[in-house]
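What follows is a set of notes on a single structure, which appears directly below.
As written, the chain order gives the labels A, B and C, with residue 1 at the start of each chain.
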Amino acid sequence: MFYREAGQFKTNYRADMAVFPISQDRIGIAIILIVAFGVIPFTASDFMLHAIMIPFLIFSLATIGLNILTGYTGLLSLGTGAFMGVGAYSCYKLATNFPEVHIIIWIVVSGFFSAAVGILFGLPSLRIKGFYLAVATLAAQFFLSWCFIRIPWLVNYNVSNAIEVQRRSLFGIPVTGPEAQPVTRYLIVLSIVVVMTWLASNLVRGRIGRMWMAVRDMDIAAELMGIRLLNTKLLAFAVSSFYCGVAGAMLVFLYYGSAEATAFSINQSFAILSMVIIGGLGSLVGSFMGAALIFTLPILLPQLMGSLGLPIQSATAEHITFMVVGALIVFFLIVEPHGLARLWQIAKQKLRVWPYPY
Amino acid sequence: MRAPDETTIKAGQTLLSVQNVSLSFGGVKAIRDVSFDIKKGEIRAIIGPNGAGKTSMLNVINGFYHPQEGEITFKGVKRKKMRPHDAATGGIARTFQNVALFRSMTTLDNIMAGRTLRMNKNFFWQLLRYGPAEREEIEHRRKVEEIIDFLEIQHIRRVPVGRLPYGLQKRVELGRALAMEPELLLLDEPMAGMNLEEKEDMCRYVIDVNNHYGTTIALIEHDMGVVMDLANRVVVLDYGQKIADGTPDEVKSNQAVIDAYLGVAH
Amino acid sequence: MLCVKPYNMLCKIFVIPFWEMWDLPDIFVQTLWEGLVGGTLYSLIALGFVLVFKASGVFNFAQGIMVVFAALSLVGLHAIGVPAFLALALAAAIMFVLAVTVERVVLRPLVNQPDIILFMATFGLTYFLIGFGELIFGGDPKVMITKELYIPTGTYSIDFAGGRVELQKLDITAMVVASTMVGVLAIFFSKTRIGRALRAVADSHKAALSVGISLNQIWVIVWFAAGLVALVTGVMWGARSEVSFALEIIALKALPVLILGGFTSIPGAIVGGLIIGVGEKVGELYWGPLFGRGIESWLAFMIALIFLLFRPQGLFGEKIIERV
């Protein structure tokens, strides 16, 4: 009844091609942004900001990264964790070697290092596709994980063999390191994620997004239409890895505070992949939903069980989480292969015609 | 993005010619020593029994298969083999026997994808979108809407093509090829699996494209009635060899063609 | 010692390792043997993959966790007092139940979906089995009931070229068991009715259906076969080290094996596994020190990656002709 486009006519192609052609959607996204920037920082507890909002946003960004590669371009990657790690380690090297440049700049720039590594490991896509390419990304994962552990230069020869984030400030307010307040870190993460999501949505809606999807759906036809397959795939690898790299750098510098190589292990890759699948392949909104679900599940599950009168130990909760995630993946693939994003669309469609069935 | 050899070829001159092309897969010879030409502005049909090498011939022309022997001259440039990208930038578009659309994309996006080569705003403009990239997008959207009007598929603009019935998919695929504004359009069985009404529609589009845009068309078709009505000239393949070449009437009365179709003891 | 300044690195890569191999042949042979045994286990996991891929086109990501799950079931059952061989039979039964469940719950509703969707479903299955296995058996490593299953332990020592090569009886058993299993599978595929049906399904689902072969039945059979292979792998692997979830990650090394061998070739899986196993051990011992050790974790993948660039269809695969 309220969510309806009746009476909203588009008089030019510009309006027709907008991200949110329906005005209720535009109002909705405005409200979300206002809440995210204006309400949450003042009302949410430090725990909420630090333990939920910050990691949720960071994982959403990584999920967008993988979604660009796997969801939009159809190239399966099992090396997301490693590409995130490249971002984190290069950010650390840059920040410690050139402390005069601001850390936030380095966080974003580290994405380029990740992109370069992504292109390198995307090169085999010239000759191989499908699962074979997945094995190539697995090679990246194991090789880079090994580098993170075995090359002490990457962590400036720290005895702990871990990245240790130092204090850096912006306008006198600490943004990284132990003194940085969750609110500050939250706002920085939020800003980066919002801007990068906007850029990603520009990309996927335009010529480049169509090229990616064309390669995904029917690479031979795309090639015969003059789309250069290798360039298109490498671009997807580069952009995807850029996003993952920035997410990785943020993960260490704005969330963990210090990190060892295990933070970027293959399990991280698997976790992000499950976020993509559950959120929906080829959907930016879905990336947020998938990340929210997978990330909050282990936090919510014990509380849910507790409120049902079935208190469980944290180890048990973890095991049940794994089972639930696995079951959810299978469930979504069977019922709705386009994940939460598609369910959201269906709900909107229902709302649009409500109270009529169609 | 045009080839430097952009000598304007006038109607009636040779646009593309295939000389002594042979293609084999392992030991299987798909095409043996075939030569023919396509003149600017004409509708050229390639016919022949199943397995005669027709689709392979189209694949050679737009660079998907590379022949072991022979040459292809396109717009005056002689090549040992075409590359798919060269073929596309040179102005060769095609449709496929088993529809090769981008299934999960909408009709609009499919046809817009056909404009890819003609869009040139780079990555960074695309990132920002507002400004030049958007203007370019709108400009091409106009062209695409023209094609949508021409093919009368306005109502399925926003439908993912995977959900469309076969006949409409074929039409969208034609739209995607037209979006490239090709000089030479290759149609691989554009009317296969269609009912009479759909076939008539498709015939009309083919003729209109040829008349209206002056696009040269090479098509593979099994329906002899359609071929005889549409085509200016027909080349007949059998077992990978050319057995006849000429106007529909000449071909119809050719003994070799009759034998190939009716079957004769070899 | 042999290396002079400007060619130092090249020499360390291309000369010294081979000289070491020649100089101490007993160590080299010992390493080869270790590699072969490790490779046998990779082959076994790859074999499970190939069985499922051949018959259903599903890239079964869960094969690794199935190995862990089978081994855990065996050890877990024995721990609650079930006699060893009964536990083995019961573990096999559990794998059968798993196969039926997977076919009913996962494969049947997803028939005719794109490969990537089916892959992701097995990825979900992996998650589920990890959680389920840890919930029931606990996450800590367990000891395989080697003695109870009468698997011989101890070593044979052979004097060789002035040194001594030690062969674990366990490893010899592993190789014998693995070869026997491959033989049995080969006979099963070529001689039995079900085996022929299986090959028919591998060629074309639709054609198989049209001549009255039940796809569902075939899938249960191959997943069960893969489950049995997983059980054997689990026992052997568990006997060599321990039964733990870490194995699930190591099992990913079956992927480069598949690339070398081709996704549908059983001999390919065997040969690929042995190449990877030997390459990895030899690489680690002779070239590892140059890079700071631990290259075992990625060497297999890199070998596969380089191999892919030159021969994308694998050692035994056929060249793919793309059609439109």
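Side notes on the structure shown:
Please note the rule applied: contacts are C-beta pairs under 8 Å (C-beta built on N, C-alpha and C of every residue); 3 or more make two chains touch, one makes a residue touch a chain.
Quick caveat: nothing in here was measured; it's all calculated off a predicted structure.
Chain centres computed from CA atoms place C at the largest separation from chain B.
Which two chains touch most often is answered by the contact tally, and the pair is A-C.
The most central chain, judged by the distance from its Cα centroid to the centroid of all protein Cα atoms shown, is A. Between chain B and chain C the centroid-to-centroid distance comes to 48 Å (mean Cα coordinates, whole Å). Centre-to-centre separation between chain A and chain B, using Cα means, comes to 41 Å. Distance between chain A and chain C, defined via averaged C-alpha coordinates, is recorded as 33 Å. For chain C, the set of residues that touch two or more other chains comprises 322, 324. Each of the following residues of chain A touches two or more other chains: 220-221, 224. Of all residues in chain B, those that touch two or more other chains are 64, 96, 100. Residues of chain A touching chain C in their complex: 74, 76, 124, 127-128, 130-132, 134-136, 138-139, 142-143, 145-146, 149-151, 220-221, 224, 266, 270, 273-274, 277, 315-316, 318-330, 333-334, 337. Chain B makes touch with chain A in their complex at residues 62-64, 84-85, 87-89, 93-94, 96, 100-105, 109, 112-117, 119, 121, 123, 126-129, 133-134, 137-138, 141-142, 145, 176, 180. On the side of chain A, the complex with chain B involves touching residues 12-14, 17, 199, 202-203, 205-208, 210-211, 213-214, 216-218, 220-228, 235, 282.
Against chain A, the residues of chain C that register as touching in their complex are 59, 105-106, 109-110, 113, 115-117, 119-121, 123-132, 134-135, 139, 249, 252, 255-256, 258-259, 263, 291-295, 297-298, 301-302, 304-305, 308-309, 312, 322, 324.
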